[in-house]
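Working notes for the structure below.
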Amino acid sequence: MALIQARAATDPTLETEVVTYREALFRAMRDALARDPRVIIFGQGVDDHKGTFGSTLGLAQEFGAARVFDTPLAEEGMTGIAIGAALNGLYPIQTHIRSDFVLLAMNQIVNLAAKYKYMFGGRFEVPMLIRMVIGRSWGQGAQHSQSFQSLFAHVPGLTVIMPASAQSILECYPYVIGRHRGPVLAIEHRLMYDLKFRMDEVAEKANGSPLTSRKVRAGNDVTIVATSIMVLEAQRAAEHLARVGGIQCEIIDLNCVSHPDRSLIVESVGRTGKLLVADTSWQAYGVCAEICRIVCEHSPSALKAPVVTLGMQPAPCPTAKSLEDRYYPNLRDLTDAVATLVTGTDHHGIPLPDEHSMADVYKRFKGPF
Amino acid sequence: MALIQARAATDPTLETEVVTYREALFRAMRDALARDPRVIIFGQGVDDHKGTFGSTLGLAQEFGAARVFDTPLAEEGMTGIAIGAALNGLYPIQTHIRSDFVLLAMNQIVNLAAKYKYMFGGRFEVPMLIRMVIGRSWGQGAQHSQSFQSLFAHVPGLTVIMPASAQSILECYPYVIGRHRGPVLAIEHRLMYDLKFRMDEVAEKANGSPLTSRKVRAGNDVTIVATSIMVLEAQRAAEHLARVGGIQCEIIDLNCVSHPDRSLIVESVGRTGKLLVADTSWQAYGVCAEICRIVCEHSPSALKAPVVTLGMQPAPCPTAKSLEDRYYPNLRDLTDAVATLVTGTDHHGIPLPDEHSMADVYKRFKGPF
Amino acid sequence: MKFPGIYEELFYKALRIRLVEERIIELYPSDKIQSPVHLSIGQEAVAVGACQSLKQTDLLFCSYRSHAFYLAKGGHLREMFAELYGKATGCGHGKAGSMHLAAPEVGLMGSSAVVASTIPHAVGAALAAERLKKPQVIVAVFGDGATEEGAYHESLNFAALHKLPIVLLCENNGLAVHSKLEARQAYRITDQAKSYGLPVAYLADGHDVVKVHEVFSGIVGEVRRSRCPHFVEIRTCRYKEHVGPDEDSHAGYRSVEELQAWKSKDPLILNQELVAQYRPVILQEIDDAVEFAERSPWPERSELLSDVV
Amino acid sequence: MKFPGIYEELFYKALRIRLVEERIIELYPSDKIQSPVHLSIGQEAVAVGACQSLKQTDLLFCSYRSHAFYLAKGGHLREMFAELYGKATGCGHGKAGSMHLAAPEVGLMGSSAVVASTIPHAVGAALAAERLKKPQVIVAVFGDGATEEGAYHESLNFAALHKLPIVLLCENNGLAVHSKLEARQAYRITDQAKSYGLPVAYLADGHDVVKVHEVFSGIVGEVRRSRCPHFVEIRTCRYKEHVGPDEDSHAGYRSVEELQAWKSKDPLILNQELVAQYRPVILQEIDDAVEFAERSPWPERSELLSDVV
């Protein structure tokens, strides 16, 4: 199933339901409200005419202002309020239109939400969902472009997901809201909102928790572990390399950054001997580092070549397009890195794709921010 | 020099100056005030009769309340105030008696201090020092025991140091305050404040920046990369293993967590083939992960065995002594892990030391918190 | 227990807290309580007076200085001592210590060692009470220092904006660790609270337990009826050092006279007759609780990694 | 340039900002400005009136909505357009974009896209002015929404407590993105500011540029003399959408009448005579600046990793 689903972004012509990331989010939000009267959604702008980039549009009208409401600008306070609301029976969904602003709520998230269960000997639970959006393109700049998965995933007690498809959203969010009993941080990517994904029917059948990693492409030449929009980039690179270079990439969508499927990763690297990690954030102390740890602690001898990691350049994000284009790894870079890793030489002679990464998507994006 | 200095904590009888961590901090603070009238120190309790565990004691009296002053409880605001003060000519030193509270200031640190130079094209600088203390022992619990080096070190623009000796303090702090032009976070360990360290005379001679890693013990059997108090634990384990097992550990004090000396690490691992990382925080997405990344990206084939990592257990810190004793790796665990790694078997037969880690230090500690 | 009147009942409850704290002081040198203790001695009447009119279903959130509120709200004494001892039978199964007492069964919903951090929790619980139509009153307890934190401002604004059934209770002991109010605050706490449109009450004498109870019960009644937030500031005095079992009035950071003035008005010191009357039964209860703690087992090794996610 | 009187001078400066914003609107569809723009149209008089009495050595900190203040404080127009274009000659060398304009040479010390985040910077700069005995006045500019953030409370308290030479200026346009004040605030901004002991001024008409200037120059004089903090709230109106070049009054989140009422008082609309008089020279300056931006080179590749630490 995962394999088919994975092709959606690149091949939306397949004959099953096609759902955008935004629609999936909207469905997850609407269903949550409809299923359980204890669910509330709040955040700046959830009830306005843009509706959190469409993901909460009209829900205040449908379910009432008591359940879907705007808030003052008060990230720390509102996160504390979410915790208190959860402790007294509500299921709060808090939204942030940029993950950068969540730094204001780090104390409540890390010192309180992550600890509330353990610190009191298991006598409390704080089931709640915090949604936040990564920005990119159109001059988002240093303060509207960060993705802090590693800051959260470092802290025991938190569950961190980064959906890379509509399927992941429709599998994970209902599970998180309906069955998971702790605080979850969902990091969404703004540039995926408009993308179409093919939905797999078995979504509902999944037994066990969807809060783990998933193999989205099988291959024996190299293992690519990726997060969020980098999963799509990796899929594009993989399609290209399969077509023009006969290289078969295996792609693992990390999906649940705090609880990756270690054995999936270790098994894959054991088979391919080559590992590339592609993340939406900086490499140092990030996902790239953590995946290396997993492999190093288990079987470093499986690695037949140095690991390659791709992420944002080690700097704040510049706004000028000319610099921003170089700030993120593009499809050429990624394809070249994979080809070099697999062939063992940078004179691999494999033709690189023309576009810079998902350039059409990135260029088309002009807000709303 | 580093090699000699390293033995101070274990062998304070050597005939050179012996300085406690606290004294070193105090000297650094006092000298900074004395050298430059633009230096100010503020934080909760810097001017009281405990003086930030002695590190600022009497400085308000000596230098006046305009330069050393108490603050309201307002971590985010005060960090912003430090930034503004730096922009207009002061050199602010902000203190936090626990690093846990710094989460309240993450927005100012990550979104502002780390970005101010880059975001405006290099037109501003924010030279400032934020000191924070890691707590441990005597029931510090979930909210008074965390060390967040990886959260900061993930973010370009920040410099993060974790002094593991008086020497490091007296080399790094004056350099940071007097010559470094950006924001620096210094993460100190409460349980080192009373420890004595032998000072090496060449401290002042050091040319180049001290903001990097340092080899504190040479050996060919295994590379131990450690931070903060874990450097001392590693030194104890190493002395023991050299004595009873003929095992020679090489120890690298990471010291500058944000800017580790990659070649020092890679060279060492290339020689020993074995790596153990010991950090004061959780392993996932932490120092343990980052060191694995460095090795994986450079030469994973150097690793002749899986990497071993030691850190806090993957949970918030419990308060009960019986649980806390198991929460942190102790000297036995560490020694056993090294012996197992070096010999390749857990039936290594090397006798383990008696005490649980630096149990005397940990037991003696009863505040002030 | 039966009491001739409300004064005696409140006195008894306050004395019980004082004697518990004094037992902790006695025990502390034995190192059996390996936990930083922020004692409530001097502030008992605030907790007792405030909790008297609360129901078990009313929820209270407080700070690391929570011994008094834990007991006043109805938390079990045995589980408190066991928690201080780090035992499996403690109210937090040995994971909480003195700074994180909780007793959900009687509505004590948690206490946190990060200043001001539970104030928004109380507001959130009040939001839930309002949305789920629970007839609860929620209480947030915090010190004067907590009012300096940004989250305090955010909490008051939200509580007032959404008209939530909450009492915001500031225990003003004039100190944050060793800092006086004047070194920290440009505002008067109640005046600042008024600016959010909150009805405020100010009580200058936190030792007057009956007065505290009367005022508080009026306010709790009002909140229960109107479902609107109220603010109360009560001046009080901590007798001991900020954290730990000792006196530190010699340290010079506060005036010994002021401390004496408070003590000279303290019913638990003045009314030795009542003390003599209630002391024995309370000590018995404390003995029992301490023995329970002593006898109780340490947490299992498996507890280390349980209840994380 | 010479002006017959202060009104004309202020009018000219406000018109200049308006015309710059309008040029941005014109250019925007070309995608040459790839940056989210938070236009100041409707709010020009606040910036112009406030900055008129400031010296270049006085420091000002503002938000992402900073075009007006950047220009009013004396920032170069060429460098502003170059920055919007992402060029190396921009005031932030192409790393800043519209949201992070700065001009340290004239005292514009930075603008941040995180709401309220520069308020404490201004307080800190005022602390430095005080400690280093610099005769500066520091100005913090922020929107009504910013007053909801905890850091705002912390900043006001500290500024008042330490009596720092700062003017806290709230540009109240009644909106945070699409949210009205009533959905966000239980307090009145000036009343709440008063609770910190700050002297406050409230101006209902942000279009009255001369009045803004008079009031502000009185306050700036007072701060320069007394070295004590002051608070000013000015009501104003943003004409365009929160971010971007369009109108969105049809979207229904605010009343079209209110917007019209503001426009009907707007000198830049009413006084077409003066507009006609000043427009040509301003347009020339704008043409030149845009041409400068067009001609300027992109940042070097090496810029990507420079100025990080």
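The first chain written gets the first letter, and so on, giving A, B, C and D; residue counts start at 1 in each chain.
Note that a contact is a pair of C-beta atoms (placed from the backbone, for glycine too) under 8 Å apart; a residue touches a chain by one contact, two chains touch by 3 or more.
All of these numbers come straight from a predicted model, not from anything done at the bench.
K.L.:
Which chains does chain A share as contact partners with chain C?
P.N.:
Common contact partners of chain A and chain C, which must touch each of the two, are B, D.
K.L.:
Greatest Cα-centroid separation from chain B: which chain?
P.N.:
Relative to chain B, the chain whose C-alpha centre sits farthest away is D.
K.L.:
Take the average of all CA coordinates in chain C, do the same for chain D, and state the distance between these two points in whole angstrom.
P.N.:
The answer is 46 Å.
K.L.:
Report the inter-centroid distance (CA atoms only) between chain A and chain B in whole Å.
P.N.:
About 32 Å, centre to centre.
K.L.:
When the centre of a chain is set as the mean of its C-alpha atoms, what distance in Å lies between chain B and chain C?
P.N.:
36
K.L.:
Give me the residue numbers in chain B that touch at least two other chains, ranges are fine.
P.N.:
As it turns out, chain B has residues touching two or more other chains at 71-72, 74, 76-77, 100-101, 104, 107, 111, 118-119, 141-143, 156-157, 314-316, 318.
K.L.:
Chain D: which residues touch two or more other chains?
P.N.:
90, 92, 94-96, 100, 112, 114, 148-151, 153-154, 157-158, 161, 184-185, 308
K.L.:
Taking the touch definition from the header, please name the shape of the chain graph: line, ring, star, complete or other.
P.N.:
Contact map by chain: complete.
K.L.:
Where on chain C does chain D make contact in their complex?
P.N.:
Touch residues, chain C against chain D: 148-154, 156-158, 160-161, 184-188, 191-192, 194-197.
K.L.:
Please give the residue numbers of chain A that touch chain D in the complex, ascending.
P.N.:
So the residues of chain A touching chain D come out as 44-45, 48-50, 70-77, 100-101, 104, 138-144, 313-316, 318-323, 326-327, 366-369.
K.L.:
Quick check: in the complex, which residue numbers of chain B touch chain D?
P.N.:
38, 40, 66-67, 71-72, 74, 76-90, 92, 107-108, 111-112, 116-124, 156-157, 159, 182
K.L.:
For a test of understanding, state which residues of chain B touch chain A in their complex under the given definition.
P.N.:
76, 100-101, 103-104, 106-107, 110-111, 114-115, 118-119, 141-143, 146, 150-151, 153-157, 258, 275, 281-290, 292-293, 295-301, 303, 305-309, 314-316, 318
K.L.:
Please output the residues of chain D touching chain A within their complex, sorted ascending.
P.N.:
Checking each residue of chain D against chain A gives 31, 34-36, 86-87, 90, 92, 94-100, 112-116, 145-146, 148-150, 176-179, 183-185, 243-244, 251-253, 298-299, 301, 303-305, 308.
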